[in-house]
């Protein structure tokens, strides 16, 4: 059953086409990821689905409710966490939660079941002003506030930006829990390893959705030969690899550089030999399996 | 209903936890009342005056002495012709010219019947440099007052006119009757009317007091020292209320837009109206406290009579507060950042309130265009009503027009603001 | 000033009874890319403010670019560049106006501003955007521009506070290639990030937990020391112990 349906949604700001006939469906209980560069239209899509702005054209439905005509009822069953810090810095942790609970017509006690895991982590800081929480804790508090009314659909716009890796991992564990409880979650992220944890991912570029697939399928359909190379000097290695015959593109990837080749590539041994010839040591070149991030790079560089 | 209470509580938290703003909200009215009441004097001092007379007689000399002894005036010289004195005025050496007709001594001593016809041919004339119309009005009033006190000192003369057709009762000029101060300036038809007619900025010369049969209210003049200061109380009330209400409400709503919390509130089932009303309540409370503080200060520190109905003073103030809150709400629907809210509140409110409400400058001495604009400034009506109630001690019936206009404006502003209120981001 | 761009010993900062930075000591070599990692609230920003001469330590001593962090903060400010994720450029000024403004603030001579601006814009492939308002640029472009501005006056050290937060993978990589080129010119780069793949791009990294530096070394040394496959594992092992909220 479909929880979120978008049909040919377009939105223009002045001369900028933020969304161009975007269509997608998200099933009930799905953890759905949105990826794409800044300005690609992710936030606009979130806002339209959350009934915050009106589309210029197209139709949407969230749990069968139209964000344009039925927005009052829709707002009762959706949770939304905007990209920016959306808490009251001068209110304490508990005051924030209690306030949002009232806003959504419930109480902290009634909404507690769903947020119990996260709230336990926040409880030691119950009386601390939200502005004095660390980034990770703020994000958890914001999530608590978005979940307090046990929504059926949750929209999260880059919830983990600026959050440290540990808090991020914890945050995603919570999201997985929520999905297991049957909630539909739509989340955008600039972290590809997070995107890889989604059930399906839509890649949005310049206002259009290029594909919407499971991470497994995306990786399978990479369709290129991918290598990793490393050496004792990594900085200059990028340009030197790029100048070698048959390299389509090369980019850094953690402790190595990844590159994609075409037919004219003469093999990893030839490249290693060439690199050794121009003074590199400790050279390793090997064929590897692509990850989500490699797929993102391929789509973006195309 | 429960959500309303939580909302209002939250707003109070915001205000109470921002100690600095809180302090400003509470201290500002007190400081301003004290400042305007005591420190800021609108009285003009060191007015240079030239006397023009063709024959220096006893009366003229006495008047000159009296003027020179007055701390407000300085005799800059005595001239035989008006042209000489005017030259001095053009180069800015003198502010006023006082011209006496020839043979004043003889005329004073002559009989009542004769006097009238002689004086109408050549009256005592006051010429004021009206580059600054407001000072000009005040200056000529001061001088007229000094002149009158001169003649009241001449016990022998029971009734005397400086200019044709004007009669005064010297006995009526007592400090108690100077109460009407600033508002009475406006009713001085001859003076302001003529001065307003000369182009401001040039060294305009207005001659006062030889007009036909206009009878000015002579009791309005010469408000010595602090007794005039409490005329500012209504003005400050008009300013404080609108600034606290409009600026603070608009800033606090726009702050939520900037913080991104408005986004979350908008996606919640709460009606935007609830959000707005909850924001207004705390500022309504604070403004009411300020109103009480101002009234107490006015009564017990500045000795404002507060002789009108206290109930209606408060009631009209509350209408004004609601109007100001609605204005803040309207501003908040139009701007996106706190800085813009602050600026537009200041631009939209502060200047008109100071310039066009009659708070400091009498509206009647402003060009007609601005007088017309001042009709749309709520503070003008509020200040006028407060002057009538607090200072003049008039009845409700006297302020019904103001009450009506303010209520109408409040309803209009609330409707426009509600119309502008959106349940979405754009 | 010796060989080191930054040297600090027992740097401590307390706010009341809260110790934000707790006796940290480290050195950063000239031309090094130093990754300054840690969980949110571990004390990174506080430490960075001290190093930039914006705040004084409660205890400890050290030098930045050869200047004393206690007494010569003004000299420090002249010899560093700074870029943060939050504040970077003026949205309502054009690209060229922003560059000119910062170049002027850091005392680059008028003669030099124009040719250097052209060069920087050419390097960024931004020449066409010279007169575009910065506010209308995408975030990734802004960040790249902000970085170019931060190193425009050829500082000895450039401090980057989460420069790539929220930036997509492609732009992040372009950003890091700029960092490489800067470091190769001998400018020391001091950078904080929450992307653990970016930690791998650093010559050395330190990981702060609850105000203390719990690990310091090259990414490969840290990985082998902690028996981890990647920097993320190292970070998770260390930062999980954190108790601060």
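Order of writing sets the chain letters: A, B and C. Residues in each chain are counted from 1.
Simple rule for what comes next: a contact is a pair of C-beta atoms (placed from the backbone, for glycine too) under 8 Å apart; a residue touches a chain by one contact, two chains touch by 3 or more.
Here the structure is a predicted model, which means the values were calculated and not measured.
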By C-beta contact count, A-B versus A-C, the higher one is A-C
Max Cα-centre separation from chain A goes to chain B
So, in whole Å, the Cα centroid of chain B is separated from that of chain C by 58
Here the gap between chain A and chain C, centre to centre from mean Cα coordinates and rounded to Å, is 25
Expressed in whole Å, how far the mean CA point of chain A lies from that of chain B is 61
Flagged in chain A as touching 2+ other chains are 83
Note: in the complex, chain A contacts chain B through residues 47, 50-54, 71-72, 75-76, 78, 80-91, 95, 98-100, 102-105, 145-146
The residues of chain A that touch chain C in their complex are 35-39, 83, 121-122, 124-125, 128, 133-137, 158, 161-169, 190-192, 234-236, 238, 251-255, 293, 296-297, 300-301
Contacts from chain B onto chain A in the complex sit at residues 2-3, 6-7, 10, 13-14, 17-18, 259-261, 263-270, 423-426
Per the touch rule, the chain C residues reaching chain A in their complex are 38-42, 85, 138-140, 162, 165-171, 173, 176-177, 180, 183-184, 194-197, 200-201, 219-220, 230-232, 235-236, 239-240, 242, 244-245
